Amino acid sequence: MGVTNKLGEMGVVTLRLEEAVNWARTNAMWPMLFGLACCAIEMMSTQASNYDMSRFGMELMRPSPRQSDLMIVAGRVSRKMAPVLRRLYDQMPDPKWVLSMGDCASCGGVFNNYAIVQGVDEIVPVDVYVAGCPPRPEQLMHGIITLHERIKQNRLADWA
Amino acid sequence: MNTLTTIITLLIFPGGLCLLLLGLAYEWVDRKLVARLQNRVGPRWFQPLADTIKLLAKEEVVPENVQARLFTVLPVIALAGALTSALYVPLFGLKPAYSFEGDLIVAIYLLSLLTLCTGLAGANTYNRFSLIGATRTLTQLFSYEAPFLLALFGPAIVAGSWKISEIAGYAESHWLVLTQPVGFIVALIGLMGKLELPPFDAPEAETEIVAGALTEYSGRGLALFHLGKGVELVVGLTLVAAFYLGGVANPLAFFVKTLVILLGLAGLQALFTRLRIEQTVGLWWRYGALLVLVQFLALIVWEGWVA
Amino acid sequence: MQSKIDKFTIPIGPQHPALKEPGHFEFSVDGEIVTDASVRLGYVHRGIEKGTEGRNWVQSLYLLERICGICSHVHATAYCLGVEKLAGVEVPPRAQAIRVLVAELERVHSHMLWLGVAAHEAGFDTLFMYSWRDRETVMNLLEGITGNRVNYSANVLGGVKCDISAEQDEAIRQGVDFLEERTRHYLEVVTSDMMFLRRTRGVATTPKAQARELGLIGPTGRASGISHDVRVDAPYAAYDIYPVKLITATAGDLEARFIVRINELFESYRVIRQILDTLPEGELTVRMPRRIKEGETVSRVEAPRGELFYFIKSNGTDTPERIKVRTPTLPNMASVLVLAIGHQLADIPMILTGIDPCFSCNDRMVVVKDSGGDNRAMTWEALRQYGIEYYR
Amino acid sequence: MNLIRGFATTIKHVFEEPVTIQFPEEERPVRERFKGRHALKRYDNGLEKCIGCSLCAAACPADAIWVEAAENSDEARYSPGERYARTYEINMIRCIFCGYCEDACPTEAIVLEHEYRLSFNDRVDAVYTKDMLIDPVPPGGQDTPQVTEPGKFTRSIPEMKDPD
């Protein structure tokens, strides 16, 4: 940390690779279109003009799992959908995050029965849970901002 | 001594780095305009830059039963094609770095090399959506290539030479957009076809075939294709501006004119629905080619008879 | 490397940008023309009907509200009307009027949503952005009245939970005026924009005979000339006091469906204003008995997508014996397979959204086919065993 | 033709101020009846309203509330009446914010506020305990547990509007 202490924070000049990549990752995170139910409607209204998600770099709703790096599980994951979700998660390239939007995705919410997977973290590792049934667009954006805060602290060590 | 200057012009100033950044900047202007037309706040100024850095830092997934070497080389060729075509075009209002007789055709060919690579990339990967995307990219390539080329030949005939710098020089004195309005419109719409902007983005139709020919690409490959498209946008804009809007003598004129055309493109982009592939081809061959040929005929008669 | 692909099948799989909710379609295509199609649903099956058997009448209301993300109030109204008919309870007129008001506001919100999604499928993103921006005004109104943007629990067994105060009345009138002016603009865009018409006119045309044979209902059916609307044929709640005009078109193609739905928006605005002018005074709810008498009933309601059908059976205790829900998307879904044949691949998303599908609506419990192909109803334990084996 | 009209409308939108609400910086105030995060209310003198009757836990459709009651004594009194809620947990991820608990509560202790920033990094810290939900002590009241004279608080819902 010698450089920044000596020169102090001089913006781009003392930018470490870690910060640069973290900055790029948080500002250009492409979500994958994975709407399941009512939460998908709220996710789309976050995409529309009133709560524009493209300010966070999420304008290109990437449909193909290859090109996306944030999977927003919006809605209830039924038993039949679980293997599909797992396969999609495996197809995403490496730095990937999962944001489980809404109660049904986070913990099965209201449906505590045979058909619904009780919480997506049974299938995929989840980074941020957003509560609400369905969460307001602002709530989803608050969740995304907490995810961004977490990524900003990523160390170079854990990539190598 | 001049090897140093050529290296600088090739790599830094009008050539490589500045062109890539200009390509990203223009792409941002385009996305911001379209967003503002849709009454929403567009992406922030550093968005394409962040996209590219993130993509470069991403894991490169090479799907199996695909020629791995071809898979990784194609994006590089695409970007190389776009960059070399930038050599012959008067960027930033300066004289083109290198020009010889007939470099207009070479520049246009190198630009369409990029689309060819995208098509080949789509065909190479085994994914169904990218196969459909590849066929669509190539069919659309044949549809807009001829009218776009003929539209750019109009000024060449009037200027009486194939060298871009000479045509640009001739175009500076008199505004060709007034004498050949039809050619200008077809060139503009041809540019939209070449860059696959919304009315003609059937090859990359998000809602039908997942991501068109580039479905399987992620990480470095996608970043290179992304940059290639940005460079293609800049080169295409300078060509149309140089030929039709009275040449690009000084940097200020270059920026003003290209941005005016970009505003026109963004407006058209936000206005239209995506056309089906056979409608685009029909539109091009029925109206595009016909209009340009009529204008071509008028030019030849006028050139042969009057001059 | 090139494996033998005889029939080139395109899976519009569970996760696809064209579908907002998961459903699996397989179109076999040669070149760009679709030759045949098949569908497999059930990806959002949640066992709601089984859930309602375990809960009492009040708790299963919130469960039935969450069947569909877009038309939650209509499900709650159908359920409440059925239970009130069983219990023989007379709901005060003010509650009926507010129910119809929230139902019409929800129809506006659902049609606006569909307008945006259909335009997005055609690649016309500007209309998607505009219609969803205007839809926010309806969402704000609904949030003002009921406190929640999507799953607004406005209904309670025996009446309505939320009242319309003076300033909400004013806000609704203002919102409806603004929306009417915007809807007039949309009607003009949908009927005159050359590029858009190129994608919608003459696509998936279903003449009246074929529509009747396919069993199309709701706005999709009315676009082909079938004059069938539950609000007109069998008026429920307060629709007899506030009658609704039947809107049909004859062309039966996608453009006609756009026109029918947008005209229905105008109709909704008229009914909303009429309700606000003559809102009857009085109670909001009426006392409901805890145990509903033995018996079974059927209640039909006009959801934004078509006729919604509830069968409620009670055995005298405080938990329902059986609730069967038949949602409007199910009959319309079959028509997608028939219409898609012969069309371009690029038209499939448009045909799909033409019927305004709501997959989470129609994933009801279907009879489970085991590998033998003969379909038999599975017992509860067999179903759990089947589920566990399937995923081992 | 209509291309020009279409162009005019879109261009008009360029000059209109974009309608986006920039979430982190500016926020649209929530409607008055919006049901957000819960809060346990207090009387003016600082006593908690909640008497640990767990009617809300019974009414909750998603079983998100867990209440454990305990005896009140005059030396350590939390709420008027003889019972109070020792632990009161709401699993925010399980809760669907439908407001049934607010309707079911006899002493209007649990109320849904307008706060909606609810996103967690882990499922465990989504469970809000009692001290995260309780309101701060109103001015002029003392914090619970309070020492009170015997015989003053016998009814769980005190007669007078604000017992001093």
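Just so it is clear, A, B, C and D label the chains in written order, and each chain counts residues from 1 on its own.
As a working rule, a contact is a pair of C-beta atoms (placed from the backbone, for glycine too) under 8 Å apart; a residue touches a chain by one contact, two chains touch by 3 or more.
Just so it is clear, the model here is predicted, and its values are computed rather than measured.
Of all chains displayed, A has the C-alpha centre closest to the centre of the whole protein C-alpha set.
Here the CA centre of chain C is 33 Å from the CA centre of chain D.
Computed from the mean C-alpha positions, the centre of chain A lies at a distance of 28 Å from the centre of chain D. For the pair chain B and chain D, the distance between C-alpha centroids works out to 57 Å.
Under the contact definition stated at the top, the residues of chain C that touch 2 or more other chains are 16-17, 62-63, 66, 126, 129-130, 133, 151, 193.
Counting partner chains per residue, chain A has residues 48-50, 52, 55, 61, 63, 110, 133, 136 touching two or more of them. In chain D, the residues touching two or more other chains are 3, 6, 10, 18-20, 22, 61, 96-98. A complete topology is adopted by the chain contact network, contact being made between every pair of chains.
Here chain A touches chain D in the complex through residues 49-52, 55, 103, 106-107, 109-110, 112, 119, 121, 127-133, 135-139, 141-143, 145-146, 150, going by the rule given at the top.
Chain contact summary for the complex, chain C toward chain D: residues 55, 59, 62-63, 66, 126, 133, 140, 143-148, 151, 153, 162, 185, 189, 192-194. Those residues of chain A that touch chain C in the complex are listed here as 32-42, 44-45, 48-50, 61, 63, 65, 75-76, 78-84, 88, 110-111, 113-116, 133-134, 136. Listing the residues of chain B that touch chain C in their complex gives 37-40, 65, 126, 128-129, 132, 198-199, 201-202, 205-210, 270-279.
Those residues of chain B lying in contact with chain A across their complex are 31, 35, 38-44, 46-47, 49-51, 53-55, 57-61, 129, 206, 210-211, 214-219, 222.
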